[in-house]
Amino acid sequence: MLVLDELPVEVQEQVAVCRAEVSALHAELPRWGLVVWTAGNVSARVRCAEQIGTDLIVIKPSGVSYDDLSPERMVVCDLQGRKIVDGTPERLTPSSDTAAHAYVYAHMDRVGGVVHTHSTYATAWAARREPIPCVLTMMADEFGGEIPVGPVAVIGDDSIGRGIVEVLDGHRSPAVLMANHGPFTIGADARQAVKAAVMCEEVARTVQIAREGQDGGKNVQALDPSLVDGLYDRYQNVYGQH
Amino acid sequence: MLVLDELPVEVQEQVAVCRAEVSALHAELPRWGLVVWTAGNVSARVRCAEQIGTDLIVIKPSGVSYDDLSPERMVVCDLQGRKIVDGTPERLTPSSDTAAHAYVYAHMDRVGGVVHTHSTYATAWAARREPIPCVLTMMADEFGGEIPVGPVAVIGDDSIGRGIVEVLDGHRSPAVLMANHGPFTIGADARQAVKAAVMCEEVARTVQIAREGQDGGKNVQALDPSLVDGLYDRYQNVYGQH
Amino acid sequence: MLVLDELPVEVQEQVAVCRAEVSALHAELPRWGLVVWTAGNVSARVRCAEQIGTDLIVIKPSGVSYDDLSPERMVVCDLQGRKIVDGTPERLTPSSDTAAHAYVYAHMDRVGGVVHTHSTYATAWAARREPIPCVLTMMADEFGGEIPVGPVAVIGDDSIGRGIVEVLDGHRSPAVLMANHGPFTIGADARQAVKAAVMCEEVARTVQIAREGQDGGKNVQALDPSLVDGLYDRYQNVYGQH
Amino acid sequence: MLVLDELPVEVQEQVAVCRAEVSALHAELPRWGLVVWTAGNVSARVRCAEQIGTDLIVIKPSGVSYDDLSPERMVVCDLQGRKIVDGTPERLTPSSDTAAHAYVYAHMDRVGGVVHTHSTYATAWAARREPIPCVLTMMADEFGGEIPVGPVAVIGDDSIGRGIVEVLDGHRSPAVLMANHGPFTIGADARQAVKAAVMCEEVARTVQIAREGQDGGKNVQALDPSLVDGLYDRYQNVYGQH
């Protein structure tokens, strides 16, 4: 069993930085209206496989209010989702979604952050098991095409994690709508995964409202694929500060 | 007539703790968008029947703004909804919904908290007198199935309280949509009842939006009952900190 | 021409109290989501006809942001909507809706406060020129029946004020939806008029959402008139602190 | 290449004032719900052609969070959208929409401010490529008629800027809905352009909701053109403080 206090000091420092970041990023979920009560979570990967033979995960504790989060209350797990003993006085249980997060980290090395919410409009598309068509330039920018739907997951095995990986591995979209459940998003780091969760809800909402117009949305057309490709390439390479 | 200052000191202390909790929980109603103006209320049971022969209720004063609530302004009543004389300078009248809350406490011993709101989407389903079908995993988690509808209540008798108890007694769901009126929720304590009110509005909103898709919602299917059972059991027993 | 500094001291004091109240109440408009930018206003009547032969009105200055309001920036007018010279360094122009407010005060003595907004859902019903049917107990409580529609007003005469008075005089509802324009609400004082504006938007939103259900809202039925009467009487006489 | 520190002192002062204004105005975008994450931007023209032969533009840096904006982080460009060397330690890249803003300033001398957002309802109309009909008095006031749609823009040339100018030059409306993209608004100064962005979203939302009524919105009629003209003239000339 891994014990945090016995790991190399530089790994302990990486964990501490990651806990502060993950704790702070949770504030973005209620801020952008993605969650109510405690129903959403952010995790990040600590890249320390070289030092200790395995990467670690930092994730929200289960059922704790967003107001009550702090860096030291973030839970540290291994890539099987097992909690690391960390010497803090509280013995908090990690999010009940930890197995799904862990499966994604274990099977997609490029992923540095994972977010799960039940944000309203994305979850509505998930309940319809309907991919969100790429009809907005901002969708082309961020998702590079439609946002896909994942399978209905069963309880008691790793079917949620497997469903996410099957859909997103090799896909441009950093978001998947798990059927009758809600969106999971990934990113190179936790901040990118949070951004994808915010943008996923925004486009889910905008496209649904676009289709509620007088003609039942028949004139809401998917963008031309070459325009989508051009927008996606530009956004991934030119946008932001470099 | 019960007089608060003449009750045993430990009961007075229980009441004081309960007043602070109920006062603070009212802030969650505007925070999560469940209420406008003064139109919603939270109550809690003080379990003191062993000491004084009856439990007591702590509830919001009628028509007072959420900004102006404080522990000492919470009103103490008995299980018939009659106000307890409490020696405070203000003589505030309890919520006009007190009789309904009191009826629930008197007839459902497991209930420790009750919440009533007119939250928009739950009230819209109530106006249609339509139960919310269980099409989301988060509904299976929290409600264990559909959210049921209660009867139209008449004025001047205990028909609201009776309607709530008839529907919720023996039901998994902690929420009932009273026809053309709005949701009432219950919980083992007031915090759980507030959580149920928050989740009730969220699923009411998400399921309605899910059904507003291009096909009129025909592909929004209820979850398989065995999946619902598995999710409900897991959530009630595993979720959160223990 | 009336000059504020030359009025009896007790009238000046009434005006000062009223300015503070009207300034503070404007914060409720953005708080409850009724307005964007500067597009809504509150006024109140100063009952001083006995002292100076005419009541006065206190109202928002035109085009000033809600952040920049203060008691001394509230504008004082007579019942013809003419500004009173008030000796303050700023010479602010009253709201461009002042004529409509003034007409209501001049013709409905029971009115102590008037509010005008373009709140989204109420304005949507106004654009359809469709009264809001009384299908919710909270509508029966506050409005005593349906919320009526007023006429399309022309520019350059007192048609808005006349339209409001024609509809609301003798009506239970404190709100009227002016066609293709938005809601005006009245009250015994400005706070009651603000409350009516908040509740008007809430029921406009809830009833519209109720009718967007799977059956096109055909099962959203108006409440029985005797139930409406019972609820309205109880709410007007029992609710709140007395 | 223009270097800010080498420009005349009065131009440097104009730039400093403009940076403070543009930085502060960005707070209005999340405040009124027009943007998520970093997806919207404000710019202003510095009128200094007399002094240095060309006007300048102040605009948001690309991909920077609204929380992290400050006057000195605003980027200064010329009317070709090329960044001015400004001697500040950070070398921030201007918004990826700078070319579109610059094109508008270069071709419409009356424009002093430009705003771009993906606000939800305006973008939904843009996805349907449907102008917003003038059915509300507040639309007549602010837009003087319908809000028009602009062309689908290609990547890699000045097609967005050209599309905006083609539609808005000579048009009363300060807003254009760029197809499948989102709204751009203009104004005599940046504050007016922000106001137009706020009002554009509000009317996009209200008109869409008006048309979602029981009859599919068939009774939502455009206002009489002479009423629109009267409202527009009055609002442009009488409203506000003068």
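To keep things simple, chains are lettered A, B, C and D as they appear, and every chain counts its residues starting from 1.
In the analysis below, a residue touches a chain if its C-beta (ideal position, glycine included) is under 8 Å from a C-beta of that chain, and two chains touch if they have at least 3 such contacts.
Here the structure is a predicted model, which means the values were calculated and not measured.
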Quote the value, from 0 to 180 degrees and to the nearest 5, of the angle by which the CA atoms of chain B must be rotated to coincide with those of chain C. 90
Comparing which residue numbers chain A and chain B contribute to their contact, where sharing over half means same and under half means different, the two sides are different
Taking each chain's mean CA coordinate, chain A and chain B are separated, in whole Å, by 32
Distance between the CA centroids of chain A and chain C (whole Å) is 46
Touching at least 2 other chains, the residues of chain B are 212, 217
Following the definition at the start, I'd like every touching pair of chains, please. A-B, A-D, B-C, C-D
Taking the complex as given, what residues does chain B use to touch chain A? 32, 135-138, 195, 198-199, 201-202, 205-207, 209-210, 212-215, 217, 219-221, 223, 227, 230-231, 234-235, 238-242
Name, in rising order, each residue of chain D that touches chain A in their complex. 36-37, 39, 61-64, 92-93, 96, 118, 120-121, 123-125, 127-130, 152, 154-156, 180-182, 208, 211-212, 216-217
